[in-house]
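Chain lettering (A, B, C and D) follows the sequence in which the chains are written, and residue indices restart at 1 in each chain.
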């Protein structure tokens, strides 16, 4: 009976998908033109008032002042007069599946890809046309990514790393070890394996060539880029340094051999320095230096000189104050204030910062039950659909130039991930990922929230209907 | 989509039910006759060789030696020559839903009735035509009971108590409090309420009339009998006595007012005495007196004199030895040996013992992962489908008369629960619940396992197909 | 070397004791007269202005208006003109050794009697000439009591119960079970035995006659009265009722057989009712009914009718408000407010309340490290030297007559413990335990703090030097 | 009173010390000659039968065949005919204060130096004339060392490192964090500071120059050598690498600047490699590579080539088998077997191994209460007085040459710690630390236990009276 029902559910899912893919089907050969908006193309060029952008078969064919651009006769025209046109936003570091609570893990086992799609739709709805998922269950992420890319379901474009090399699974000490005793070992093992994929904590014991073999095996799976843990991610019981320099170099080598960008998670000053020296392409959390210290000028200067882009999580001053109001003795406000100070100094030193959030779908019921620091809901950073808006405000607060703020969430992320040929700016030949805003984002970063229209791959997204079939975000709080 | 799938699942369930109800449909007016078996009718009369039992419309119309009983012409005849015919077995105390692990609780929320049906089918398959469920989620139990009674699904006949008055829900200290921190409070509250139904630990703080009001409210719900905790059920951090004498009398009064049998859980000598004095109808676990003492002769004599039937769990000697082999320092072997000694002395004193198991579906994966004393799988007692067979052997080991052993699992349970007009013996007018055994159970209690045929309400049960749609018992161990 | 040092320490202790006993030695035959004070003799009679109290050989020989009392010629005279003379205060329920923390338990093993003496000196210094220690390590309590009674050291007069019958030792679930894993089992066993003395949790499993034997054995030890737990004392994982009615009657019987007053700890409505019905002499915590309910009028009326004195802990309104300010969601403020409400209604119903505190020496370092509700230091109740002053104010707040407030801490306690021939009032023949106050306690209960002089057994106590050799109370907070 | 007793104790301690120093006072100018023994001088030279060793003023003045050595006329002669004369044994890595249990920590606060002296006496009694204490409370260690060096008390010569740089104190996650909640924060802080001395876990967050400052400060304290943690020391929640290469180099630099030998604790393959590359003088636990892997040949070859001596803990085969018998599923037997295999291969590769034990005084009561793997008492390795004997047997089992086995516990340790001018062999000019054995240690390593006489600094030690005033080792098991 169960199997029968499950079978029917699959049939039904397929049917829904077919209907959706019909509804979402491309408007065929019809061109699209957006007219009248102020164009901020993400290249750093000055905004162009009364601009026209023409889209042909999902890509931008022309962009410029109305006087310079011809609107094709058959083009559908979107009049955006008085509005602002920017490249589709990006998040350099989020986690579409972030739901480590047992209720979600157990209830939706086998359906994590649906939650990932839900997350990708929340992202898309809030202007994120492309997201870089830097930790999550690889197979469900691939399934969701492919469904979106195939046009079966709407959603932000996903690039994924899968597991963080050197981290254990959900029930390991890296994440939720205490919960392990409340599930069967079979379940814990099944899930741990889904996350680890051969790149778990065992590698931390291994000599270099064993690590090389494991990473090579992992690169043969379907992943879009690599991420390794230069440090652990807990603040207490920290693995200050996870991999030796020679092992870090091997991981990077293997990533590059497979044509992949390699990024490192760092959360201590020395793991940061080692990752820099090992030659990573992107530093994630380079702004983290613990609760009691900030980075030295030397370290910041080194990042700037080598031009390594950094994923940072710029929290708003308002949030920082809210945390202090709740518990100023807690280490987290100090830790966060140090991050903000590091960011400020990196901006001054010319480091390329990328907007990052660590966001996933915040479970409404669990959020309602949070206490202490965890209950601070002012300008949340890890809440999908909120985090990136707050991060943009956070950067503005630090004195970053408004145009640079925009680039931190668009062009610079594309460049960092080697996607600048396709994404990140509004230029002919690029994928037509665009956001139309009601208000000028260069005037006030809060205006990024004023989304009128999202266009992805040249098509207008029906954002009001997203997410289509929410499992998590729609749960009601009693 | 989810709701769509669930809807389809319901449709499918309905379809399966319809097909089943067709397959299981009564053979209409056709009578059934079982011939040639040795009849052990449960009344205590001597076995009758070459007997005939005639069933008409679900009830026994005649039973006796072949020479005395006329077989109706149109009757379908089951030739049971060389076999043994006994009343359908009963379990005075089990828990069809016993799956307190988070994986089952979360994964199957909303489907607990299916697990209960699965359990009732395992029971029926192993000869239990009637079971008394003395603790579980009331609403799903009612749903399962009604589906079975309506002939929608096969299963043992269920009588249910729902919650044990005075016990908290699944996530209370009575059951699995440590797990509460790993689920949302909303989930914990939802489940606790499903179990408690207004009769939780709060009553332990209340003065008499508040308890009366809560119990009266509870009796207005659909339950078949009442059970209250005269003591708590943990061995450590024991509530030695839960309710005062005056409160116990009120609970019993309210049960009787509503026409319900009232039983008490007791696990200490003094809670046992208080329950006796309060006037309960059935004592559950009267054989439990802790790890370090046995009951006094006075207490046993008092139970015998007042004729109060006792649900006991007779474990086999083999199991006791297996437990000692694993960890003879553990309190459990001593505790169990004391139970066995108490049972032995109660038999000698003429106390009416009822076969009881505390059984539910043992999860195969969790069972495979058990360690220590918990890993002892020799003659398990709380495993549905095993426990009652072992209990019958356990009673035999204690020197109980073989006929009395049979009655402990049939007639005496019916009498204790005031169902003797309908159930418990093979006599004209009773419901036709019968089991045909290959071997003589009076010769060796292990022969109760030699089930050839189970008949419930006059119909042959297709036991080889049970359970029909297992959710739990079929899970595979890696 | 160690043994040598310890030996020297013993010699030194002896020497100090000798010196002290000299300093404290009775002024032989010299009488003492206190003149000029307003005498509030504790009998309930109206205050007598300009009174004279004469003391002869440790007892009161005369008391009355100056006009009626002759001052012996050789008498030493204390001029207390303008002051107030009251009977020595009493605490019906405290714990001179309350230091369950591992540092004290380990560091001072073998020296607990010194801590008890320290506590008795803090008590004496704050006007408590007699205290009833209702739970503690029996042998060290006896040693301290005897040293005080022998005049070797100053201190409040101690009457002691030792263990609460039915409670486990320090490392049992009744007290500090989690700490057990951090000490050797030998140490835990040694301490548990020191507290339990054969009357631990094992008795909760036993049938009546076994309890009788254990209690009889316990009464053969040196204790001054008996206390048993009618309920457990934790709020969570409560033993709502510890002993059945018949067992409670046996405990009381055995106490009375040995000539001892028997009191019961109760903390639930039904355990309270059972203790009343069983015939206890004193009810301890009869004001406790949990966080969610108050006592019924019937229960309060029953206590009043039977005239059973009740030890209660009257907290001040100020403390209650301070608790609410810290954490109004916590159960403790509600629990405490219910106690206060129960006390108010008992006063109105004419129940005899006895001032009680549960006090012991609060460790200065641990107190400084407390958090949450535990950090509330406003009007502490369990702090020795503070608790009784606050309790007296608490009673006044509830509208108790000022004379009755005084009697709740003097005469009524003496009567409850059957010591009224010796203690509790200022009447000829009684022991000369007196306190001289600067301000009128009947005007304002806060005036009990205005202690000018404490006289015990007819001798003026050198209160400014107390405690003489503090181990705990003098520890410095960094 | 208390202070008085403590004062007396101090006086008494002084007195005892004076008496002892008299008893232990050097035999002035009297020479000592040991005659007739087979001399195994530790240089690697062949044993000399019927040898004579002459000692003058605490140093060896001559050693060789009887025919070559003149015995001074006034010399006291020890006839050791038929016995074996070896250099005093050494332990390259032990912990004289290893008692992390709360009972010892609390009870003996302020007296840890006495425990250290007790330990040094157990060491001396079992032939260890010199020990290198590589982790412990610095100040008490200094006090004990100085008392021994001043001849106030007997004991093994101590060289000490104090804290392991980068490790937290007793109540940190490196040692006994769960116990912290059972003591006052003041106590925990006091003890943590005693151990950390400014070199705790904070350094793991710091950039290089901050570490340099802290280490420089630490070298200004009284320590004999430095030790830092290249990895953490827990197996689970491991800090695989604690310090980056550049920080490790700084620590070593600062040690060398202060004229100190620097050793590193390593317990993972990569931390080992980093410590080698950083240039440490001694590797501690170079044989540890986790439960699931052994070291590569490359790593072992690197250690051999660079000639870095390694402290290893060679457990006996018998112990390994005992552990497997208790719990072969536990990680510890596998971990230990890997250590043994690494040792075997290092011997083959020519690595200089130093006998090491991690030993301290095993508390008799706690040892008696151990369970599981912890209860294995066969050939214990961390038990002071046992560990080194077992280690010597362990090396022999691995096929090490008997002469090399001796040197692993004598000369090689002296060389590794740069004490070879003073210690390690029986050669003229060296300190006269000698052990006389009844049986030939080169024939069977078990013969190291056959100690007849221990001579330290030229004086015969009264070993039968050691330890003089035991606090820990004498505690009786019930």
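Things worth noting here:
Keep in mind that, in the parts below, a residue touches a chain if its C-beta (ideal position, glycine included) is under 8 Å from a C-beta of that chain, and two chains touch if they have at least 3 such contacts.
Being a predicted model, the structure only gives us computed values, none of them experimental.
Among the remaining chains, not one touches chain C and also chain D.
A separation of 53 Å divides the Cα centre of chain A from that of chain D. Separation between the centroids of chain A and chain B, computed from CA atoms only, is 54 Å. Rounded to whole angstrom units, the spacing between the C-alpha centres of chain B and chain D is 65. Counting partner chains per residue, chain C shows two or more touched chains at no residue at all. Of all possible chain pairings, those that touch are A-B, A-D, B-C, C-D. Taken in their complex, chain D has these residues touching chain A: 173, 202, 204-207, 210, 236-247, 268-271, 273-274, 289-290, 292-293, 295-296, 299.
Partner chain C is touched in their complex by these residues of chain D: 1-2, 4-5, 8-9, 11-13, 16, 101-103, 106-107, 109, 114, 178-179, 182-187, 363, 365-366, 369, 468-469, 471, 477-478.
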